[in-house]
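Dropping the structure in here first, questions after.
Note that the chains are named A, B, C and D in the order they appear, and that numbering of residues resets to 1 at the start of each chain.
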């Protein structure tokens, strides 16, 4: 085992996959010479050169669709969108092209492409640099949507995403980039589509992803002192999400909180809650509480009050404990 | 009263508002000389001329952001996006600019802009011309999202949208364009943010919007013959949606189906279901069933099996009647 | 490069007739309601796809548009499978899922028509990127109309291709109309070649003449293969019919249509071939009747094939 | 148009010093942690905003970028309220919600900095559209860097403005760098003026010299006011510091930075003013100390103001 930061785990995943398969390449703004705006590709340009670590003009639509074309001709692009907010510049590419190319062309083409992007707050970067938009992609048939909560997960999931034959929206979180964690020296993969029970518990299930997993774990610690046993399920993949693990957990705890950093309304928590209310409602002993950001744009100077955290999860869990029906 | 088609009701709404306020103008591809791809602006170019009925190059991002700039300088643009699928070309404009301009600039600017777009199937136009993406916009703070189910509603809602000081995503439905309905001769407005109980009933509440409202009404007819009394609530506005009307109805029927044409997973039905499961779960006597399109791109030759309809609503209602818990 | 060989010219003529006749047939069956959705024909514009595809191998790539039957045929698409797709049948290229706006044939480098204006341009650019990456000598072609040059996708793709000197030819068929509006609504310039100046991409404008197009396309494809980078070719094409079948072109003067039809690239080519004795009247008749038979056979096949099962609609989303 | 009057020149000098000194102060307080988020300074580039804004009235519009303090100051933004915004305080222009990347002052036509590269270009074009629509004689200015010209937004906006002959000036400050990469990564052309050829928009490239910029901007603004349409001006600006404060510019040679600093538009202007006796040493000192005081006062104000209440975060989303 070794200690490694999240951002470096991303780099390792890309590097190993590029070593393994010469068709894998990285493309994006300042990913090359500069090593990436957040440093995810530091050193890769020196190792793989400009043909495989491709700096682009500022043109998210252009280079994402270019990657789509390259993918359908046998390459395996990793696209870096600098901030998730900028993905608004290439939604046609992702939604009308990449997501549909395989199905729409009668399975002739496969489009093995990973589109990486960091979401969320943490930099006080304000309304146009802090959004969490994973729910959009989860609503689009053809895309897989992956979110990693720690260095171990990000490496194993990213390697799987690069090997996946389908397009994967791979969502990082800016506050996690500096997070340290322990990973094996040897190669490992984490399967896409499988949730991970990050902490076992018996009273309430908290379903979450990305940074909020860690916040939920903190909340679980706090709550354990109050005698409440929280099970924390990390979805890891939002689309397709792992119903079995989630439902099994709820069948045990009979209480559910869903927590994410995105705006609460119409976030991915809604789908989890709705699926539960549709398929296993009778398992519930209390209302399903959701945690998410308030319904306003991300704030610059009040960011720490805007972004949901452990306290919010704790409150939601307590609410499910109180409000039995 | 007079009989009028949905598409013509749209035209009347625009015309009346343009008569009333010289700052209102229409902009989009082929809205002028050609009268709009679906004919919504037929005759308006002749009446108002090229300064107020503005044909654009094929450049959704360019003209939508242009409208944003014009709106913040005192005009009131109506933007036509020819098919909702093409809104993927201007998401930055809508999400990072228009939705946030007011809040982000400390309430200095108001951005009274209506962005009209028809969604859904009905033309067998295939995967890139049939999508329903309203859930995306409902997830973005700062936008209102309106969907109209018939000629009466579309006129009254569109007029309100044009007068609204906030940006409104105004979603039409292609199959409704030819629908006939009765509207008053005199002017009327329908408030944004208010749901409409389209049919009263006591056994099950069906919450819906746009075309699926009409399908739900058909289903209610069918079900009444089987002795099941369905209340059909037309949301009319998806964001902000009318919790009061929805919750009141559920408090009466204790059963809920949510129906939309969009892909079921992560659609707006998820939010309604989740809010109910969060706030009034104890009112429910049965699981919440959702109706939506299957999780694949829209089909060309199997469109009629892809797009949800009255039969699907009926099945969902029956499921809530069977599965009491 | 120069003029094509006699055999090549006959092949080209055959391809142009095939496009013309196929689309005439499509208009017919569309009116029957046998084809659904939108149908955009390219009758009058056959010269451009044939002019360019005559220089391409099956390994080369082409990304086309909503008005893409011509390119697909010129690039060698199987007519039966294409027809089946248009009829929405399971035997179609896209399993009947997508129809006219999405014809694609991976085995022949046909990367797909596209329902989104301009969207194919960066995708084809990606194919060129892949060819360069893999150091093959493949070339990619992006086709599009003059209207598409208003989209940011056009700009972003050409910028990138020029910077990287990618092996691609940008083929703009400027038919003067984008849907229901003339070019003056869409661009402040008269010729699309002006757009290329922003990227230092060499550009040329040619008439709706298959031999002229063949010549310029030859140079452009050669430049691309040699690694000298992209070229933009504007073909001054002529759209005879409406934007889609069913569009009565009320916005367009009768003379404008008549002028377009007068510049019949197929008839002109045929005349030239007769004059230069490359073909005789009988050869032409034979080609025409053979094609009629082939097209009839494709329609028969498409008609008789089954629709996909509803259960099949749910298959194949992910690999 | 020609040279500005003596008074105008003094005003321009004052504005340039104000931008320089304000941003120097910002760098300082940013290092203290008093300003959060990203801070992009334009030190070395003061000539362009001052050169153009000298021709604008409060009624004219300007949309700026992430590197937009200079334009806001040149357009007359209130320094206290701007500083309060940068400090994230309730008294700021955006109620402390948005910070440096979103400075806006409606009362002075400052339509907002923008965190999305290129996004301000069509928005400013919309302001020009509104001016034309309302038949006022207002002019709009869009500022952006050379990197932004890679975005489709640039292309779509210029295309539209050219077609409609909108009253707008496109001011590109080409500082040679977009984030951490040189222009060769971003464009196949050396000068942004080439981009304008695609739209038949007149374009000119000027050095980082406020008087030269003043002259060309004057012509462009006049053209716009007269209804003759858009102009593109490329200023060959120089970025002294990193992309944002904290960027050590490791990717950039020391000589490149030294060269940039040598082309100090402020110092050069100052020298010229001294030589031509428009200003004396004492005048300059006075201007500098006055501005120091004004800036200190703004910082003091910003420091002392309260943050917004958390409850206020939920207010004002809709009107």
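The rule is simple: contacts are C-beta pairs under 8 Å (C-beta built on N, C-alpha and C of every residue); 3 or more make two chains touch, one makes a residue touch a chain.
All values derive from a computational prediction rather than experimental measurement.
Listing every chain that touches chain A and chain C alike gives B, D. Across the assembly, the mean Cα position most removed from that of chain C is the one of D.
With centres taken as mean Cα positions, chain D sits 36 Å from chain A. Chain A and chain B, compared by their mean Cα positions, are separated by 30 Å. Averaged C-alpha coordinates put the centre of chain C at 45 Å from the centre of chain D.
Residues of chain A found to touch two or more other chains are 56-57, 59, 61-62, 85-86, 88-89, 92, 96, 103-104, 126-128, 141-142, 295-297. Shared interface positions of chain D, i.e. residues touching 2 or more other chains, are given as 94, 97-98, 102, 114-116, 150-153, 155-156, 159, 163, 185-187, 317. Taken as a contact graph, the chains are fully connected, with every chain touching every other chain. Residue ranges of chain C in contact with chain A, taken from their complex: 61, 63, 85, 92-98, 102, 104-106, 111-112, 114-116, 119, 122-131, 133-134, 140, 152-153, 155-157, 159-160, 163, 316-319.
Of all residues in chain A, those touching chain B in their complex are 85-86, 88-89, 91-92, 94-96, 99-100, 103-104, 126-128, 131, 133, 135-136, 138-142, 239, 262-263, 265-271, 273-279, 281-282, 284, 286-290, 295-297, 325. Those residues of chain C whose C-beta lies close enough to touch chain D in the complex are 150-156, 159, 162-163, 184-189, 194-201.
Per the touch definition, chain C reaches chain B in the complex via residues 36-38, 87-89, 94, 96-99, 101-102, 114-118, 147-148, 150-152, 178-181, 185-187, 251, 307-308, 310, 313-314, 317. On the side of chain B, the complex with chain C involves touching residues 29-30, 32-34, 37, 55-59, 61-62, 85-86, 88-89, 123-129, 294-297, 299-303, 305-306.
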